[in-house]
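The same chain A turns up in both complexes below, where it pairs with chain B and then with chain C.
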Partner chain A sequence: MLHIKDLYTAVDNKKILEGLNLSVNVGEVHAIMGPNGSGKSTLANILAGKEGYNITQGSVSYENENLLELSPEERARKGVFLAFQYPVEIPGVNNIYLLKAALNAIRKHQGKPELDAMEFMNLVKGKMKLVQMNKDLLSRSVNEGFSGGEKKRNEIFQMAILEPKLAILDETDSGLDIDALKIVAEGVNSLRNKNRAFILVTHYQRLLNYIKPDHVHVLSKGKIVRSGGPELALELEEKGYDWIN
Partner chain B sequence: MSTNTENFEDLVKKEYEHGFVTDIDADTIPPGLSEEIIVFISKKKEEPLWLLEWRLKAYRQWLKMEDPTWAKLDIQHIDYQSISYYSAPKSKEDAPKSLDEIDPKLLETYEKLGIPLDEQKMLAGVAVDAVFDSVSVATTFKQKLADAGVIFCSFSEAVKEHPDLVKSYLGSVVPAADNFFAALNSAVFTDGSFCYIPKGVRCPMELSTYFRINASNTGQFERTLIIADEESHVSYLEGCTAPMRDENQLHAAVVELVALKDAEIKYSTVQNWYPGDENGVGGIYNFVTKRGDCRGHNSKISWTQVETGSAITWKYPSCLLKGNNSIGEFYSVAVTNNYQQADTGTKMIHIGNNTTSTIISKGISARHAQNVYRGLVKISKNANNARNYSQCDSLLMGDQCGAHTFPYIEAKNSTAQVEHEATTSKISDDQLFYCLQRGISEEDAINMIVNGFCKEVFKELPMEFAVEAQKLLGVTLEGVVG
Partner chain C sequence: MNKTIRHYLADFKQLQNIKKDDWFSKQRQSAFNIFQESGFPSTRKENWKYTDVKPITKKLFSNITNSNVVISDNEIDAILFKELECIELVFVNGAYSEKYSNIKNLPNKLTIRNMANAFVNDEDFLKKHLSQYVNDDSSSFVTLNTAFIQDGVYINVPSDLTLERPISITYISKDNSNIFATHPRNLIFMGENSKATIIENYIGIDDANYFTNAVTETSLSQGASLKHYKIQQESSNAFHIGSLNTSQNKDSRFESHSISIGGALVRNDINARLNKEGAEIMMNGLYMTDNAQHIDNHTRVDHFKPYTQSNQNYRGVLNGKSRGVFNGKVVVHPQAQKIEAYQNNANLLLSDDAEIDTKPELEIYADDVKCNHGATIGQLDNDMLFYLRSRAIDEQTARSLLTYAFADEIINNISFQSIKNKLEHLIIGRLPDSSLIREYV
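Moving on to the complex of A and B:
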């Protein structure tokens, strides 16, 4: 479903990605690991359509479309979801209100009728259990005053409601204690199915104890330097990132 | 007083001796301002002598006053002799014949706000023959209010029907010579609203001037007087969200509120006068004096305003906290776009003991617009235990606009607690991207973020008004980012 070919990007003339290749098939879970500053968030942001990155070379196709030509909201409506590494706070905007607007925008794109408040709340109740979301967080402003763990859980909760086809999780595991990590992992596992693909961006392998990836890739200096199965993550954990250089 | 009355009678006599030049039956008088013109207005409105005298006194003081100098506003000189100070309701010949003659941008806005066609015509000043349903609606309201003993009528009517009330309260909050524009208004005001809530009465409905629009064109010098007697409560809504056109460029209104012991007045405004086109041509100048007097103990006055219109807005709804334990509040959203300029804020004057004031001001500037918050918190020497909390937040959209905050604090009593917070922010790319990444359109995203910014103010508005205000904000700021 996703094919990244020979991707080069720069920000303010600083080269970040340098010839990245990656293919993800529907139903697969890919883990991308790499040291800080290797370009993991950059890759995630480019896939989601964030402005400010200069793509100097390469192509990205998603479901046989040129992904790079689509606006961020079009990508989202076509099923691309990014769980942010640092979810932003939006004061005064109700968390659940934003989510309802998002879901209805996506449904509208899919030609489905919008959900009314009742239908939406029923959906919300079910998904809240999945990630053990605190009810109070629903009516608070988006991410405002949320703890690190609550922010990450909120991202997974949004993912569960929006049911994307391609979910990219940017270091959703960092900053979580082990209980929160398990909850997030369970959320992801329960959403895992043959119609959905995941890209898990992570610095540590411990998340992969709970979510078993189909493929593991190591990103270093802007390109994928090694790919393999789950065992690669363990090896990396053991030998450290210096090992790949 | 009495000597003045003689003067006045002399004057009237003199006018007649010399042959009063202006035809009393005329619907419009020629431009210019003089005592003669004021006598004409007062006669035309069949006013009692004391009121004419009051007007003339204001006029004489106005003559001695200087045109205000503007700190942050860029205003062309106004020629007060070129304005016509009285015109009867517009003759149909002058009015636009159909919506085809109206600025298409304005019509587009009406569409977006979902305003019905008939109302669009009315707001745009198109001559219409149809009688609106609202006449009967208004009658029903009137009955309900009368049953509760509430007086709610036009200012002219109040002068005729309730002269004692008007006489004892008019100018008691905003003295005739308070400032340049208040003095001008006092001399030449043509109409406005009057409201009296009797002792112990909770007004049975939100008082809205909205349904009055059809009835009267209150003109450019509007006068409002609201009196809440002891233990009464009233919520008053002024204005409407639809942009209103008016050929009068200068508007100088005066609003006076009086809250007696244990009374509460909540005054909400949505101001959306025509701001001019995107080059700033043709907009309204809006110079308003609004002041509330918490005269009794435990009284409360709360101002909430959403200002999106006018080329130039100059207003500082204020509270005089005279009664012990009285409370003053000011919640404001001021949006400026294109070449609009706004200089608004509030004054909280703490006089009684244990008085409390809260100021929440949200300024939004887009494109080339300038937005100024100017606030004064004054704690008098004898006001013990006064408390104030002020919060002024500015949101900038684009790099050519500006926001300026001038909080003045004068505390003459050492027991005062005054807190001030101010922030300036931009809609961040990260916030916008977050919304877009969830599938929300840019327009909706901006709308959401801006409304979030204004939330603390919107929640003070009556429900339907809040919904309209949110919609209005979206329409006003459409397309400013990206």
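Moving on to the complex of A and C:
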């Protein structure tokens, strides 16, 4: 589904990714671990189409298309979803309206009819339970005044509604207490199926106690330095990131 | 004497001939004398530094206006706030239109009249009060207005009356066969503990070429409360110079909402005088410009007494090659301890060619005060744009949504729900790609 080949990127002449390779097949869950500053968010942002990165070399194909040529909205419509590490607050843009617009834009792209207000609210109610979202948050501006945990949960809630094909979660676990972490994990696990792939970017092994990945990769200084199964995460937890260098 | 002043002088002489016995003619004459002496302001004057009025002073506007143009029912319906069931005063090209107005069934003791009528019926009151609440009576445009007053509105709200129905004052300009000027003059007197909502609406139809030179004077007695809305949607060729003057007594409260989106060259002045303890003014403003528009907002607040408060919040959205100005001055006079004065101006530049000059000024002569002011100029936030786009929203829609959200912060300060809804529609209509976002907001 996703093939990243020999990817090099720089921002303002600062090299960040330096020859990254990664392949993700449909139905798989990949965990990408790495120390702070290793380039995890950069990778996630590039996959979602954020501007400002200079891609100096390499390629990314997604469902046999050149992903790098697509705008962020085209990627989203084709099933790419990024749960942000730091979701931005957008005063004045209503959370639930945004979500409805997002879902309908995706459905339109898929040739499905748009949902009307009733159908949409029914869908929302079901998914809200899944992530135990506070109802009040729906009618507020996007992320405005949300606590750190509420922002992360809102990302998972959006993911649950939009049902992406490729979901990239950038440190969604960071800053969450254990209860919130479990809720996030349950959200991911309930969406896990053979038609959907996940890239879980995480700094700690903790999340992987609740979501069992198929593959674990260690990112360091802009490239994947080690790949393995779930046991690699445990080993990393035990020995620390110094061990890989 | 330059050509324009000669032109105004000729018009003025004619006017004085018609209205020779008018009790007001002395006032007109002295106003005109001041105008003739000072002429129009140049950009060398500090107050006019960023706004060159030459486009206005180059043109010779006719003082004779056509009040018989036909305004269609569709046009009227689109203009008036019908659903608010206002007390309605409508002017067409400067003259009062009985046909579109509705000032029947007023509460006891409440006086609302068009100014031409008030000159006859309320002579004693006007003699005493007219021009008393203009704070800058040497301003060329104010003196010009005083010299040429033709019509406008006189409102006198008696003590203790809470007026539930808003009063709507609409100045419609529509005439493509004439280049003309109007000088609307409004005098609003609020008795003790009275409450009212007033909407001043300036609107042009069919790209008419004209100059509106408006002056509104308000006086708030002790405990009075006035919510004032000014909606400036003049035609794209029009010039608009308008000043709102407040004179506030003890514990009075003025709420000003100024939405300025029309006109080619526009200047909105608010001069607020907080004369007694506990007087309070809130000024909320939004200006949206595009193409080659120029909109200048000037505010001045004088805190004369302790425990007075002013709170200003203005936002601008500038597109095309347009230009905006915000100049807010707060003067805290020596005895005015324990006052609070806040001022904020935020601007969103949507194009590289748009320009904003923002200049907050604080002059403080008292030491125990709470004041702060700030101004920002920025573009749409890239992180917000990316977030929306990553949620499948196309770029144009995302831009339009964020622009709307920025402007809506000002509209959200309006507590009157139906006015708020109407204004939201108005500003959506002014957004680039507005059709894209109608369903989201």
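Criterion: the second predicted complex is superposed on the first by the 245 of 245 C-alpha atoms of A that agree within 3 Å, B and C clash if a C-alpha of one lies under 4 Å from a C-alpha of the other, contacts with A are read in each partner's own complex, and residues count from 1 in each chain.
Here is the rule we go by: a residue touches a chain if its C-beta (ideal position, glycine included) is under 8 Å from a C-beta of that chain, and two chains touch if they have at least 3 such contacts.
Values in this document were obtained by computation on a predicted structure and should not be read as measured data.
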item: First (chain B), second (chain C), both or neither touched by A:242; value: neither
item: Contacts of A:90 with chain B and chain C, given as first, second, both or neither; value: both
item: Partner chain in contact with A:77 - chain B first, chain C second, else both or neither; value: both
item: Intersection of chain A interface sets (partners chain B, chain C); value: 48-52, 71-73, 75-77, 81-82, 84, 87-88, 90-93, 97-99, 101-102, 105-106, 109, 141-142, 158, 162
item: Residues of chain C touching chain A in the complex; value: 381-384, 386-395, 397-398, 401-402, 404-406, 408-409, 412, 439-441
item: Chain A residues touching chain B - in the complex, by the definition given at the top; value: 48-52, 71-73, 75-77, 81-82, 84, 87-88, 90-93, 97-99, 101-103, 105-106, 109, 141-142, 158, 162
item: In the complex, chain B residues that touch chain A; value: 428-431, 433-442, 444, 448-449, 451-456
item: Chain A residues within the chain C interface of the complex; value: 48-52, 71-73, 75-77, 81-82, 84, 87-88, 90-94, 97-99, 101-102, 105-106, 109, 141-142, 158, 162
